[in-house]
Amino acid sequence: MTTALSQLQDHACLIVDGKDRPGIIADVTALVTRNGGNIVSLDQYTDDPSGGLFFQRVVFHRSEFSAARPDLESQLNDLLAPDGYRWSLTDQSVPKRMAILSSKSDHCLLDLLWRHRRSELPVTVPMVISNHPTSADDVRGFGVPFFHVPSAGADKSAAEDRIVKLLAGNVDFVVLARYMQILSGEFLNRVGVPVINIHHSFLPAFIGAGPYAKAKHRGVKLIGATAHYVTEDLDEGPIIEQDVVRVSHAETAADYARRGADVERQVLSRAVLWHAQDRVVLNGNQTIVF
Amino acid sequence: MTTALSQLQDHACLIVDGKDRPGIIADVTALVTRNGGNIVSLDQYTDDPSGGLFFQRVVFHRSEFSAARPDLESQLNDLLAPDGYRWSLTDQSVPKRMAILSSKSDHCLLDLLWRHRRSELPVTVPMVISNHPTSADDVRGFGVPFFHVPSAGADKSAAEDRIVKLLAGNVDFVVLARYMQILSGEFLNRVGVPVINIHHSFLPAFIGAGPYAKAKHRGVKLIGATAHYVTEDLDEGPIIEQDVVRVSHAETAADYARRGADVERQVLSRAVLWHAQDRVVLNGNQTIVF
Amino acid sequence: MTTALSQLQDHACLIVDGKDRPGIIADVTALVTRNGGNIVSLDQYTDDPSGGLFFQRVVFHRSEFSAARPDLESQLNDLLAPDGYRWSLTDQSVPKRMAILSSKSDHCLLDLLWRHRRSELPVTVPMVISNHPTSADDVRGFGVPFFHVPSAGADKSAAEDRIVKLLAGNVDFVVLARYMQILSGEFLNRVGVPVINIHHSFLPAFIGAGPYAKAKHRGVKLIGATAHYVTEDLDEGPIIEQDVVRVSHAETAADYARRGADVERQVLSRAVLWHAQDRVVLNGNQTIVF
Amino acid sequence: MTTALSQLQDHACLIVDGKDRPGIIADVTALVTRNGGNIVSLDQYTDDPSGGLFFQRVVFHRSEFSAARPDLESQLNDLLAPDGYRWSLTDQSVPKRMAILSSKSDHCLLDLLWRHRRSELPVTVPMVISNHPTSADDVRGFGVPFFHVPSAGADKSAAEDRIVKLLAGNVDFVVLARYMQILSGEFLNRVGVPVINIHHSFLPAFIGAGPYAKAKHRGVKLIGATAHYVTEDLDEGPIIEQDVVRVSHAETAADYARRGADVERQVLSRAVLWHAQDRVVLNGNQTIVF
């Protein structure tokens, strides 16, 4: 469900996770209510009702949330810290700052910028960084700054360094919109915010480069795309969203790439929306999408 | 999510709906916790956060639920009746009793019986009633009683009367598994339990008889099926589930019927499962499926 | 299957339809071969093998097709005219000229322009006409002329007259990319080329205005979109393509509109591609999509 | 498209494949027409229009086909053998003989038997062989012979030998309907007819045992099934059909197995239908499905 940011004034999102115990939902919802919060939506999940892990997402409205926030946080800490629960509280009216990294392919890039312009995504886009200059005019046409950081040669450290310096402190998450460079573990550490990638296959099938050619060679009847958080293990990060489309023997690997592009932009935009709405919670290497 | 009934010992499902007010979730979950219940899953929905309608489904585990039930019900009444909330409390370990009405087509009938046998549906099947004797052996092969109630002629009242007498007091809901007779309003009143139908089109397209022929004639590219609660207004009852399948110009209306049968049995089985699990809540002529 | 126009040099598409008779396929393919054509793809369909209607699409390569064309046409006429077959022969390397009419919503418009730019559609776009000026900069950014033809008031004849004058002789087909004005029968006659519309519902469900609100009110579980040729009977023209997406009770009619937009642009782009490739053949009010 | 066998009297299916050359379609269709055949459907595919491989499937009606067959075959040989084309001619009114091998899971087995009974599949079912006796009554209830061939222990050669002796000369193809034993290369050689398997994952993802558990562990958002021809390389044979269904984090691996069962039986039944209709042609390790 998408909602204009203006309608989210004084809405907060509370995420709690930790070891399940009786009464945790009642305690959290009572705390919210006691502090004048009106619960708009609540989702919870327990991976094992007998002593498993507990995950909860509560969106609530509280007049003058900003003023009430410090006190709420203090009470939440008192309630949740003793039992070792992790929790986060975000102001839903504050859009997340999203940087996009792209290469030559523009289908995912333009789709995100266009969805942002029509208010589908609760984000701001402070910058697009690309190792190719081809999309500069399009990006700037959307009123978004564009930085060209070439990435030729075997040693990517200088390019990565420039990118980190552009991103540092300016963004809340990064989207790799068909960015065709492998990022180092050091880069991920230095960036320090979540990085979302779109892989052009139905992972874990066709890991690595050239998945459409591999799919054609194997003779599969469906091709897909996978949006996932980036970790140091290439193509192994937690999956946020996937989808597929039917192909036929009469189509070539180039056709697969064109048809797959439609799935990629669709899957990536859903993953970005859900991340921006604090709907995605990690459970080990799996995601819970509330 | 399906779960074996044996695993649902001492599990209860509480459905609450009424006018939304701050604190209602906290009050209900606190009541459950105070009474020794451990919440296994919780879903809620508000159709308008400012003073709309509120719907909640809570599944909880409570040791010796049967013994605790009267006291729980009394407390729920004290909490919810003053504000005009409707509520129901069901024992998840007690399967609902499902009667099936069918005609000559057996795809939905056999699919339900087979899913029941492999423990996919938390129901018992006290009887199958059909206006044709063709499926008698198959039904009895599943260990289910079969009653043949012919329905020839314009006046269906005698047949309906026989069916009501078979059902009365013996079933919790009725499934029309491609039962090709229109049931009267009087019948629905006398039966007094929910009746679920499977319509062989994507309602509201192709209302009435012969939907596959109509679909072929109109040249649609997808055909579908709709499971809905039966009301006096034919094909207008609340929709529980729908799905579609792609067809091509090269297929005939008879092909549509064969391909549609796969969608029908799939859609109906999902609707039956969700109804049996108390997941479907009415909001006017719409359904909320938790 | 999409193919770059440069690869379609000397490729022709022959469409034949009429009353089926033994040997028609052999006669047509032999004629093509005798004239130096190498068949690249062949599709045929008979709606009734005993004396029904016959439809055939043959794509073939013939060196120096332009030079050979008059002679080929003469032979085709000798073969097909006596039996009353209709036929058309098009040069696949010549892109069709597509005009787009739009209003305020830009999702279908921009998607078509973007697909054209990345060579997915074998068309040229000589103009975009809109009754709102909002998309002018975007359209011109794609290097496409933009004409603003306001359409206020009850009498649309002046606006329609201006549009006809812009289109006359300049386009091979027209796409209504969420153009929110009803076109008169007189307009359709004067334009004289095929007009493709995208309707924001799964026709024939929710005919007319406001289909997403109607879908929300009826409580359907899937929403869809339909691309069809425009006829004088509103929402009744031959359907080219349809698709759907699942929605939930938790989404509003505004959410449906946003999610439906994704289906609309997808469905419309497929219909446009197939039309531009001469894949769509009319069989009464139905389409055959080869 | 399914068609009752009675309607397929005097219908033949001709499959031709080999190196593409100009005029091959015209030559084949002219031969059919010259011999009194009326072409009902024609599909062709060339994997590369310049000198690639050519595949053609022609279904035609010829009165008294059986009588005309030897002469037709002789002419086809004269036309096609010199250029090294492979071809086969089958009588569409003669159902293929299909054996089913199964284990404890009955969803694929019963679905095939039920589809056969309602005339959806143009096959006969001379036998079901299982390494478990559990399905015996169900199978015999469909009027089909059931043979129990236990397969315990590490050495499967005795069991395989018994199975080969049951199948030899009696069947045209074999379906592994969730048969949980790995068949040896020697078995495949001795059986000498095509063997179709249903794998419970979207191959090549999750090759090997326990794919649903693997899918749960990896956190994928869709699960699938794959029908493929069996070769000596486990899970590597040519794919005939695949499909997927969406799953959520709230479902367990056991839920995946139950939901996947619906996809498995659907995918397998489509693959069996297409194989029985001679629609599946091998192109190396890929299939062309006409």
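Just so it is clear, A, B, C and D label the chains in written order, and each chain counts residues from 1 on its own.
FYI, contacts are C-beta pairs under 8 Å (C-beta built on N, C-alpha and C of every residue); 3 or more make two chains touch, one makes a residue touch a chain.
Since this is a predicted model, take the numbers as computed values, not measurements.
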Pair joined by the larger number of C-beta contacts - A-B, A-D: A-D
Chain of greatest Cα-centre distance to chain B: C
Centre-of-Cα separation between chain B and chain A, whole angstrom: 37
Chain centre separation in whole Å, for chain D relative to chain A (CA means): 42
Sequence positions of chain B contacting 2 or more other chains: 41, 45, 250
Sites on chain D touched by chain C in the complex: 22-23, 25-26, 29-30, 32-34, 36-46, 49, 61
In the complex, chain A residues that touch chain C: 1-2, 41, 106-107, 110, 114, 118, 120, 137-138, 141, 250-252, 255, 258, 262, 266
Residues of chain C touching chain B in the complex: 45, 202-206, 218-222, 224, 238-239, 241-244, 248-250, 283, 285-289
